[in-house]
Every structure is written in structure tokens, then in C-alpha cells.
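Shared between the two complexes below is chain A, which pairs with chain B and chain C, respectively.
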Partner chain A sequence: MSSHWLPVAGEGLRRLRRWPLRTALSAVTSAVAIAVTVNVISLSQGLDEDIRRDVERFGLRTLDVEAASVVAPGTRVDPLTLADLDRIRARVADLDPEAVVPRRHAVGTRIPDGRRVQLVAAPPDYLGTLDVPLAAGRWLTAADAAGRDGPGPLACALDSQAAADLWPGLAPAACLGRPLEVRVAGRPLRLVVVGVLSDPLRYRVLFETFDSSRGARTLSSALLAFRNVYLPFEALDGAPLSGISVVARRAAQVEALRERLFDLWPPRAAGLAAFLEPGIGVFVRKDWMDALGGSTQTGVMVGNFVWIVIVLVAAILIATLGLVGIRERYDEIAVRRCEGARRRAVAWQITVEGTVTALLGGALGLPLGYLGAALLRALVDFPFRFEIRYALPATGVALALGLLGSVLPARRAARLDPARVLGRRIT
Partner chain B sequence: MPWTELLRASVSRLLRRPVASLLLLQGTVWGVAVAIFPAAVLEGTRQSALTRGAAVGAGRLALVADPTAAPRTPLTVADLTRVERALAGLGSAPPPVAGVRRLGSGRARPDAPEVTLLAGTPRTLEARGLTLAAGRWPGPDDPPGACVVEARVAEALGRPALGPGDALRLPGHPEPLLVVGVARARDPALLRTDDLGFDTGHGLYESVARPFLLAMGVPSVRDGWKRSDACVYVALGDAGELDWILARLDPPLVLRGAEAARDALGAAGRAVVALHPLVLPVLLGDEVDRFGRVSWAMFLACLVMGAVVIAHVGLLSVLERTRELALRRVEGATRPGVAAQILVEGGVLAVVGSLLGFALGAGLAELRVRLEPVHGFDWVFPTGHALAAALVALGVGLLAALLPAWRAVRLDPVEGLADE
Partner chain C sequence: MSAPSSAPLLVLRGAARTYGRGPLAVPALKPTDLVVDAGEYVAVMGPSGSGKSTLLHVLGLLDRPTAGEYLFEGRAVAALPDRDLAALRNRAIGFVFQRFHLLRDETAERNVALPLLYAGVRRPERRRRALGALEAVGLAGRAGHRPGELSGGEQQRVALARALVKRPRVLLADEPTGNLDSAAGARVLELVEAAVAAGAAVVLITHDPRVAARAPRRLGLVDGCLGPAAGPWPAVPAGPGAR
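Here is the complex of A and B:
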């Protein structure tokens, strides 16, 4: 086999070297196609994976009992109370969850500029409902709650975006110790920043672009907006609870906890429909994350229509350029057949040429794609990127297309009757 | 050979082998199409938001108490005044702002559209984007129960028509009503559009847009009455609670308006959700620059890809013809004559490819617009981008033809033919 194969491969390579310009152009074309393909896959697929990973930091083991986010004016929803907190604690006690955390939400305004701030009052173990590290400073402690009755300002912690809104351009560490005065429910509250949480979302810009005012989000869905100012739970004393979170010790415990909470607040509908019924309900953050991951993927498919078209075009181009190249070489193939070359040898030679060109293109395309992504990133603030882990499949696809683009026409060309091909030319 | 003759020869050569020509052309066609269509959609939608903003409802703003706030404090007439004050300073004229309370709803028959009775403040019709076909809004001199009906109320109640002066009784509502005004029917596309600007009747709305919005933390909203065209409005008499505060702004002011209204209500301790079209106002704001730049970067990338392919194809098409050119030289064609022929052919390829590319680009733009569940998406032909793409195609096509043409011309015809 190798004795037949080697001369055929050699002929293919010789031919590539004989027409360096043509070889270079073919290689560049497949290089550009590969570069574009890898960029597109990296952008949509990689971005989607990143978003899923980031979103998981909003608490993979957390369950929430809270009012469903359904706008239905006139529907009466009794708010949660401290008695509900006790009921939950009693119901899940034997499962020994990591934490059962109540919280109160309020809208306040900053003094003096009237800027709106979202306040969340929660006990120290609230941080356990999230999987977000501190960017600077510390989280609230039990000692901070005692400060409510003291003469000094009350300790508060900020989400990174709240810090960025309050003090634009300031690093998280520089926000520590800054005073913040807000008016909430008519009374002023003096605060001092003791900690700033880091932003779990790497691509915040994508989440904010189409909801830059975050107007359509509700208080309890403000997780994504990440603009909360956290106070000790007692700071908003007297207000009803806006939510109670239960944190499982292990991911496997989430289902058992859900069943227990369903005993207290039976599910009103299955799946996504549960989000469409007003009233207090049990929500598992993991479900929400899956929904978000799933819908960003579909959204990415529709939103990245442009990119998908580009990839398809690249594929079509690679496949048909082989075809155009081979149509042009019917004569040469006929001559080779007259010289005694076997059909299979001719087909193999063309296939080798196509593969080598595609491989050359792949080798060229990877650095080209990397440079292209860097260039695009520099031009526009958009997470263009080039990930080597997608390069292999993309190169494989390009290679396959290159082969498809050369094998099929090569077989057809090899099957042509040499006498007819050459005869057509002479007449 | 005169130019016209060369042109005719090139075109007939293209037409003689349509499949081969199409293969040759497709690089240019795809390159040009992919380069122009994102710009076509972005610019078309932007223009649609600017010029048809009111028609597609891009300026609507609805404020409603946050359903997840505890305690949930309903909006009041005092809140309406706060919003009016906050929005008054935004544009040249104070926009229409209204408060609405839902009093009830019912159906005349099980299969009839649901009729909703609402109490509203005087600018309700304007704030809802409605105009009167006849009559007026109930005044202080009108008897209690004076009302304005929307266009489909007559149908919903099984009456042939309703006009000012007609008496009315609504299912589930004991008080008799008297029609004093009738609103014009709304555009069906607008009737399907929700406050977030999504076309609720679109094939991808339920399967793609709605789950995505829910996952992003946008609440589900029960406001089917807004899209029914079967509402009955009476004047809001007392200074009681409001379910909704509605406004119509200039579309470019919507994002700022929503923020200002939420700030004003936040200062009064009110947690509200502000619903407004999510996409079109963004296209009119600063954020669009980012999309403009992304689109521009894409245009550039597509041009590069297209250019490489055009060069490749151009080169192949001439290389293929070394022998034919040699023959022409033997037949007595001069070198400049052969060069002119190749250049004209390259030019014709680029122009025809660009024209087909325009058509394909328009088709892709139309497909993209149809895939979008947001109402108001549109496309226009992007003349600037198209011209740039066509010029690049022409330049690259000619350059790609020039090099082999130069070689072919220099080639001794005897050698060119003896190749075989």
C-alpha cells in the first residue's frame, strides 16, 4: 500500500510547490475561514459556558422562599413573617442545612443627591447564599448589628456594581471606610462601607446593554444587577421579610430541602409555569440557572444569526473552492490518466493536495484568528476571543470540508473519460 | 476591441456557463452579502425607532408596584404627580402621564373577548397611545358611568356598533354605563406588542424570548387587557389607589424617563417595576455606538474574508485560461487588448457579484428581521456599506486579475499553447 501511496503523495506535494501562488491563496482562504470559524465558536460557545459558570456563583445550593415575580395588580400576597422563618427552621432542622437566612428589601435614596439605592438587610450568614468572594474589606458580622444602637454609623457592604454607581471610577479598596447616608422609609440612616463584593459576572456589559436601567427587574431578581447595599438584618427592623433563603450543605441535599419547603408552600404549577403564578413560592436557584443557561444558548443562536451565517459561508467557500480548483484541472487529470495513472491514484493525489492545503491553512489560521480576535477586542469593547480548545474541532471541520471539497470532485474528475476531455479541447 | 464589445463578450461568457459562473461569483456574492446585512438591520431598526417610534410603541412606559417588595405598597395619585414632575423636565413638552385602576372584567359569552373596565385619569387615552374616533373623554358635567370604549368592545358585547350616547351594561358590573367617546382601532401588530416591545404573537416569543426574559429577572406581567382593544374607561373619581402609571415619551427619552420616574418613586419609598421597550430605545441611545462598532468590526472581518475569496477566485478564473489567452494572441490580439479583456472580465465579475451580493444581503436582512420577536425591527439598504463593499470587491477583483493577466500577456503564445 505504501509503495503506491508515497509516489502519489509526492506528486501531490510537487504540484503544490510548482504553483506556489495558487497554493498560498488556497491556504490563506482556508486559514481565514478557520480563523473566523474558531472566533465565532469561541465567542458564542465560550461565552455561553462562561455565563453558566458565572451565574452558578449566585448560589448553586440555595433555595428561596419569596413572592413570585408576577405583576398582577390587585392580587393579594401576604408577606413572609418571622413566624414563617421559624416554620422553615423547624421543618428542615433534621436535614441540617448550612443556613436559613431571612432578608428584608427596601428602596432608599442617597443623601444628598437623591440617587436610588437598593437595600438588603440580612444576617451575617447571608453571604453563604452566594458564592461570591469579597473584592475588598470584610463581610458584616454579628458585632455590626449591635452598632445599630450606638452613636457611630452602621456598617454596610456593597455589591461591586453598587460601589461603581456610588463612586464611579473608584477601586473597591478605595471605597472602604467611605460614609454613605441614605433615607429609607422617611428616616435617615448613616452608613460606613466595610466591604465590597466582587462582580460574579465577567460579561456584565452583555447583561446590562438591553436593560441598562434595570427597570424591568424586581427587587428579588436584583441578584443579576448586583447593585445591593447590605445592612445588618436589624437595621430594617419591623418591616416584613421579602425572602427566606435555605442553603443546602451539599448539592444532593437540594431536592430533599425542596420537598420539605413544598410541604409548607405547595407548588402551584410545574416547571417554568411556577414562575407565572402570583404568591409566595419555593424557587431553587439551580433551576433558574439552568433556565438562564438554556435560554442564553437559544438566545445566542438567534442573536448570533450573523455569526452563524458567516461560519456557514466559510464552510461553503472552503467546500466549493476545491470544486472550482478541480474543474480547472480536468485537462491535467485527463493527461495523467493517459500517461497511465490509475483512477484511484489520481483521486488520491488531489485528496492529498486538498488535505495539505487545508492543514497549511489550519496552521496559518490559528495565529491569524488569535490576531484577529485581539484586533477586534482592541477596536470594540466586546468579548471577542480566540480559544485554542475550539481550534481543534474547527480545524477538523475545515479539514473535513476541504476533503469533501476535493474528494467528491476528484472522484468525478478521475472517472471522466480522458479521451473526451482532451478531445473537447482539440476541437 | 472597443469597450462595449469587451463588455458584451464578458457578459456572454458569464451567461454561457451559468453554473461555472455562479461558482466563480459566489465568493463575491457571499462576501458582499455578509458584509452589508448586519448594517442593514441595525440601521433599518434605528430608523424605524426614530421615524415610526410612536407607531411601534417605542415610547411607552408603564410603572407598577414591585410584586416582590414587602410590604407591597400600591401606587397612589400622589405617585402620579411625582412621576409627572419627574418626566416633565425631560423633553420640550410634558409627556402624557396617566394613572389607571382596573375595576373588573368579564365576558358576554364564553367565546367572546374579555372586556376590562378601567378607571383612568384624564390623559389616559394619550398615555395608552389611543386616539378618539368619536366623542370625548368624560368631563365633570357628565353623569356617573360616562365612559370611553375601545374599538373591539362592541364586538365583545355582541353589539353591531357603539357610538356616543349609547347605553352599556358590562358583564359582572351592575352599574349602567353611557358611552361618550369611542377610540380608534389600533394596528394589529401594535396590538400584539407588549410593554417590553416584544411581539407576543411571534413564533419565537413563547419559546425563546419569554423564557429568556423570565430568566433575566424580568417579571411576568398580567396585562392582556392592554392588547385586547376591548377596554372601557371611566373617569377616576376618587384619589385612591392606582394599579398602573402609564406614560408616552419620545422614544429616545424612554430609558432616562424610566430611571427618573423610578428615582422619584424610590424617594417616596416605593419599589416599582418600570416596563418599557428594551431594544428600540437602546438603539437610539449611546449604547448603539457599541453595536455600531461591533457591526463595523464585523463588516471589516467580512470584507477581509470576502477579499481573500475574491482574489482566489479571480486568480483561478484567469489561470484557467492561459491557453485561451495564448490562442487570442496567436489570433492577433495585442497585449494591451488581452490585458483590457481580462480587466473588463474581472470588473464584470466584481460588479455582477456585488449586485447579487446586495440581493442576498437583503434576503439575509429580511430573514434576520423575521426571526426577531421584537416589534419594530426593520432593515434598509445600507448605501454606504454597500458601496464600500462593492468597491472593495471591484478593487480586489481587478488586482487579482491583473497579476495573472500580466503573466499571461507576457507569456509567449507558443509556450502557452505548447504547455500541453
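Here is the complex of A and C:
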């Protein structure tokens, strides 16, 4: 066998040249499996990259001091106050953070329809803690805060999700200049839209799935909902602070800042579990972004599961076609055995045939996969990152497919009893 | 075509082949003693179902006896692994069947070269020897034709060339003329007898007494029992293998 495995492989290749329909079907099966595989890989790769990029928008250098009321509504917690803001500023002053930004939350109702409106009062530098572009108009300025005392309505900016809730079907630019009246803590507040933020989450659906899969509106939805109406910080005077963000100048400073803030509010639980504890906590955005980014791993895993199942089904199909083929080739196999082929040489030939067929199919599957990805991209807004480097894993998959699909046919061929065929007991 | 040892070429000692077991067992070949010497020409006759093919498959190492012993050139076959059996079939045993059993998608030349491929012979040498073997059976001009393009007699001669290209020490023929008319059959028998003249042993199975009569040693097989064949034998011109 060792001395002539090459010519025996050649025998297998010669058979392929005749390319019977069965072989063509096996190749097509392989092609489809490869096409699916590269699509799933390119999709999960693209999603993973996009989500990570989206998530990084929320500031890898930012720490948040939060009263954890968003997690456990109804739980009484000591609110953050302006005094806390001063304590933080004093504690971190020598580390020279880029910004220390407080914000206030309140829930209002729109007049006249009573729709719930999530209000966030934030100073002008709040937007700088995020990397979210404006879809239309502008962000709030110090001059807007001064408008509080004037006769006119107060400037506000909206998340695009909030805009869509308030004025369904309206483009962001069309929302500019629209009046909005809300009742907060019993007082009416007249607002006018000056800017609309774009939605920082391209794949919001996925995040919402991530949330509901954990059975609760957790931190990601609270922080990533982006359904807010933003007001000047002073507009909600008297309301407690809901959070204070500290932005480091460099990522390397984050740890030092965390230690300082821990001096003021010692850690209550490890990692993200702290969010489930009532009270005031210190969170590093990078931590939960890592966790969130990690959730895309689930998506990648599901994707991998899908293509592995497809490849297994393809292998079964190829094996079935191969077995049928062997059934038709008893005579040929018996003759080869008779003329000196070892069982192993027969198995080798069948394996070469199956594997080369799968590889040829795989070569067809790559352009097919590319076309499929292009088509899907045209139909749905999903990030297929089809890259030529997927050719390598695809080749591996095709190879595995061929080998897997050849095991049973090769076994049947090798086990054939040539005497029974040549004595015509079976044909 | 050297029979290396002083041992006889083929020896069956009480060798039997039973298919299946229990009440359904078929004793296709009952315990049999047989010695075939190098260069010997033996014809085996017997009615259909008497176990002729079974005997031939055992002799050709395509099948193993279920009882008794088989020595090929003095070596006990029972102990040999698939690799050694394949090598013996490849180099020492030529086969010819009633139904030719050629690879129908391959040319005559490639069919003939098949055993050389499994012997690890290089391609130019394979070609050369295959063409030589085809020439020896009078088919030099048909090397590029596929079995479907050849007559039955020609196909059988291709099969014979395939069996002889390995210069076998024994040629096993299972009714090689069974599917041929008398002229084509005679042509095939002449070639078989030429192989005998060249030193190969032949075990030839046939239904036809006139074919069997050409062999100097004739055996009969009835119900799996091998013995001397009963006459009378038609007179035939003595072939080159007659003694």
C-alpha cells in the first residue's frame, strides 16, 4: 500500500473525471454546506466586530457612580447628592480626570396624552462621555440652561428611540423645532426639540434579546435603552442625582480612579453582581462592555452550532450517496481486490474520491457563499464580513466533510467479499 | 514464473468450505485433498452448483476454507493477513472469469495494467508491459478501446492478458469459454495452453467435456466432492500442454 498509494489515489481521481450525477450531487451538497458555513462565519464575525465597536462608543474610559434604583425599582436607596459630586471632585482632583459629569433622572408624562417620558438632565459635557453622533440638530449648550428662566420653552435633545416613540414615522430632522410639553413632579414643563441623537446600537434587537434572555431589564437596557429626553442639568433642580460619570484622560488611569471611588463607596459585590445590590455603587463601563461584548460569544456559538449541524447533515447525505455508489460498484471493487488491491487500498481510493469531490464542491461553495452573503446583505441590514481568508477554514470543513462522508462508503467497499461478487451471488 | 520452493504449488488438505451455519449451512466444498504442481494443467468439471467456483475462490485466495488446510507454495494460507493474500493474488495468481469482469469504463490497456498498478510498477513500465500482454493475445490494435467496444471473445482475451501480464504461477479460469462461441473459445484455450507451455500451472473449470479433454489431468466435482473425472472424453488434438 505504502508504495502505491499515489497511483491508487489516481484511480479515484480518474473515476471522478466521469463525474456521474451522484458525484455531482455530493459536490453540490458540499458546496451548499460550505456556503452556509462561510456565511455563518462571516455573519457572526461581522456582528461581533460591529457590536464591539458600538459598545465601545459608551466610553471605555468612563466610570459611573450609580444609585442602583434602575435595577431594583421600589427598593429604597440613599440617593446621590450634589455633596457627593463635590466629594468625588475632591477625591480625584489630583488624577486630573477629563470630566466629572452628574445627571438627574425623572419620569414625566406628556401632555396631553400621558405617555411616559424618561427625562435626563445633564450638563453640556455629558455628550462627551459617549461617542454618539447627532442625527439632526445640535446638543445642549450652557446657553440652553440659561433659557430656564426665560419665557420661551426649554431646549431639549432626544434619543432617536424617544423621538420615534413621541412622533412615530418622523425623520430626525423633522422633529427639530417640535414643541413637547411634559408634566414632571406635578409641574408642567414646555420643551422644544433642538437635536436628535442617532441610535448608537445598530443591532438593538440583539441587545434586547440579550436583556430578555436574562429575565429582567438589567443594566444593559437601563444604560443602553437610549430612549431619553435630555434637558439642561439645571432644569430638574431639586431632583436627586441618578449618576455621576468620571471620565479618565487615559485608559491607564481607570484603575486608579476606581480605587479612589472605592474609598468613597466600597465595593459591595464582585463585578456586575454589584448592580443587583441596592445602594450606591461604582462601575467601570469597560467591565460591563466586556460582559456585553462577551454576550456576542453566545451568538457566535449559536452560529457555530448551526453550521456544524449543516455540515453533519451534508456528511450524512454524502455518505448516503457514497453508499449507493458503492452498491453499484461491487463489480469494480471485486475486480480490484482480485487483482491485488488490499482492503486498505480500496478504502483509500473511495476516501480520495469522496474527499476530492467534497473539496471540489467546497471550491464551488466559496463563490456561492459570497453570492449568498451579497444577496442577504441586500435583503437585510446584517453585517456579512465575507473575507477571502475564510477560504482556509472552509477548505478544512470541506476536507472534514469529505472524510466524514467517506467513512461508511469506504468501509463497505473494503469489506466487500469479492468471491461473492465474482461468483455472481450478488451483482 | 519461478516456483521458489520444492513444495508443490497448491495443496489442499481436507479443505472444506461451508456457507452459513446451522440448519441452513451449505457444504459447497466438502473436505478435499488436492495437490497441483507447478506448471500442471488441470481441468475441473462438474454440474452447476457442485462447488466449482467455490473451489476456485479458495484456490485463488479470494476465500478461505472453513475447515482443513490450504498451502500455497508451502505456506499455510489461514495464517496470512489481507496484505499477504492481496500480494499473492497480485503477483502469483491470474484469474479469468466467465463474465470477463473487466472495468467497463477503462481501456483495454488500463484494464490489463491494473495488477501492475497494485504491484507498484511505474507508469511507463505498466504501459509497456500491458501493451506487450495485449499483443500476446492478438489485441495490440485495440489497446485504446473500452470493453463495450470489444466482442466477447476479445474481452476475454483482454481478461486473459490481465491475468498473464503479472506472469502468474497459477492461472485460475472459471468457465472462460462459457460465454463464447467455439471459435472464440478455441482462441482463448490456445492462449491458456500457451501459458501452460510458458510454465504456469492452470486450473480450468468448465462444463464442456471437449474443453476438459484438452487438459492432461481432469477432475470431477459433484456435490462438493472432488475426484477423478469419469470418461469417456472426446478426442481432441493434443494442445501444447498435453503430456
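The working rule: the second predicted complex is superposed on the first by the 262 of 427 C-alpha atoms of A that agree within 3 Å, B and C clash if a C-alpha of one lies under 4 Å from a C-alpha of the other, contacts with A are read in each partner's own complex, and residues count from 1 in each chain.
Assume a residue touches a chain if its C-beta (ideal position, glycine included) is under 8 Å from a C-beta of that chain, and two chains touch if they have at least 3 such contacts.
Predicted, not measured: the structure shown is a model, and the values here were computed from it.
Undergrad: Who contacts more of chain A, chain B or chain C?
TA: Between chain B and chain C, the winner on chain A residue contacts is B.
Undergrad: Using the superposition on chain A described above, determine whether A:Val335 touches chain B (first), chain C (second), both, or neither.
TA: both
Undergrad: One more residue to check, A:Ala173. First (chain B), second (chain C), both or neither?
TA: neither
Undergrad: Could you tell me if A:Ser242 is touching chain B, chain C, both of them or neither one (first, second, both, neither)?
TA: first
Undergrad: Where on chain A do the contacts from chain B and from chain C line up?
TA: 331, 335
Undergrad: Okay, in this complex, where on chain B does chain A touch?
TA: 20, 23-24, 26-27, 30, 34, 37-38, 64-72, 74, 102, 196, 204, 207-208, 211-223, 243-244, 255, 258-259, 262-263, 266-267, 269-271, 273-276, 278-279, 282, 285, 287, 290, 293-294, 296-298, 300-302, 304-305, 308-309, 311-313, 315-316, 319-320, 364, 367-368, 371-372, 403, 420
Undergrad: Which bits of chain A are touching chain B when the two form their complex?
TA: 21-22, 25-26, 28-29, 32-33, 36, 66-74, 77, 79-80, 104-109, 114-116, 183-186, 205, 207, 209-213, 215-225, 239-243, 272, 275-276, 278, 288, 291-292, 294-296, 298-299, 302, 305-306, 309-310, 313-314, 316-317, 320-321, 323-325, 327-328, 331, 335, 372, 376, 379-382, 384, 425
Undergrad: Where on chain A does chain C make contact in their complex?
TA: Residue list for chain A touching chain C: 1, 3-4, 7-8, 11, 14-15, 18, 331-332, 334-345, 417-419, 422-424.
Undergrad: Within their complex, state which residues of chain C touch chain A.
TA: Interface residues on chain C, with respect to chain A: 53-54, 57, 60, 62-63, 82-83, 86-87, 89-91, 95, 97, 99, 101-103, 105-106, 114-115, 117-120, 123, 162, 166, 174.
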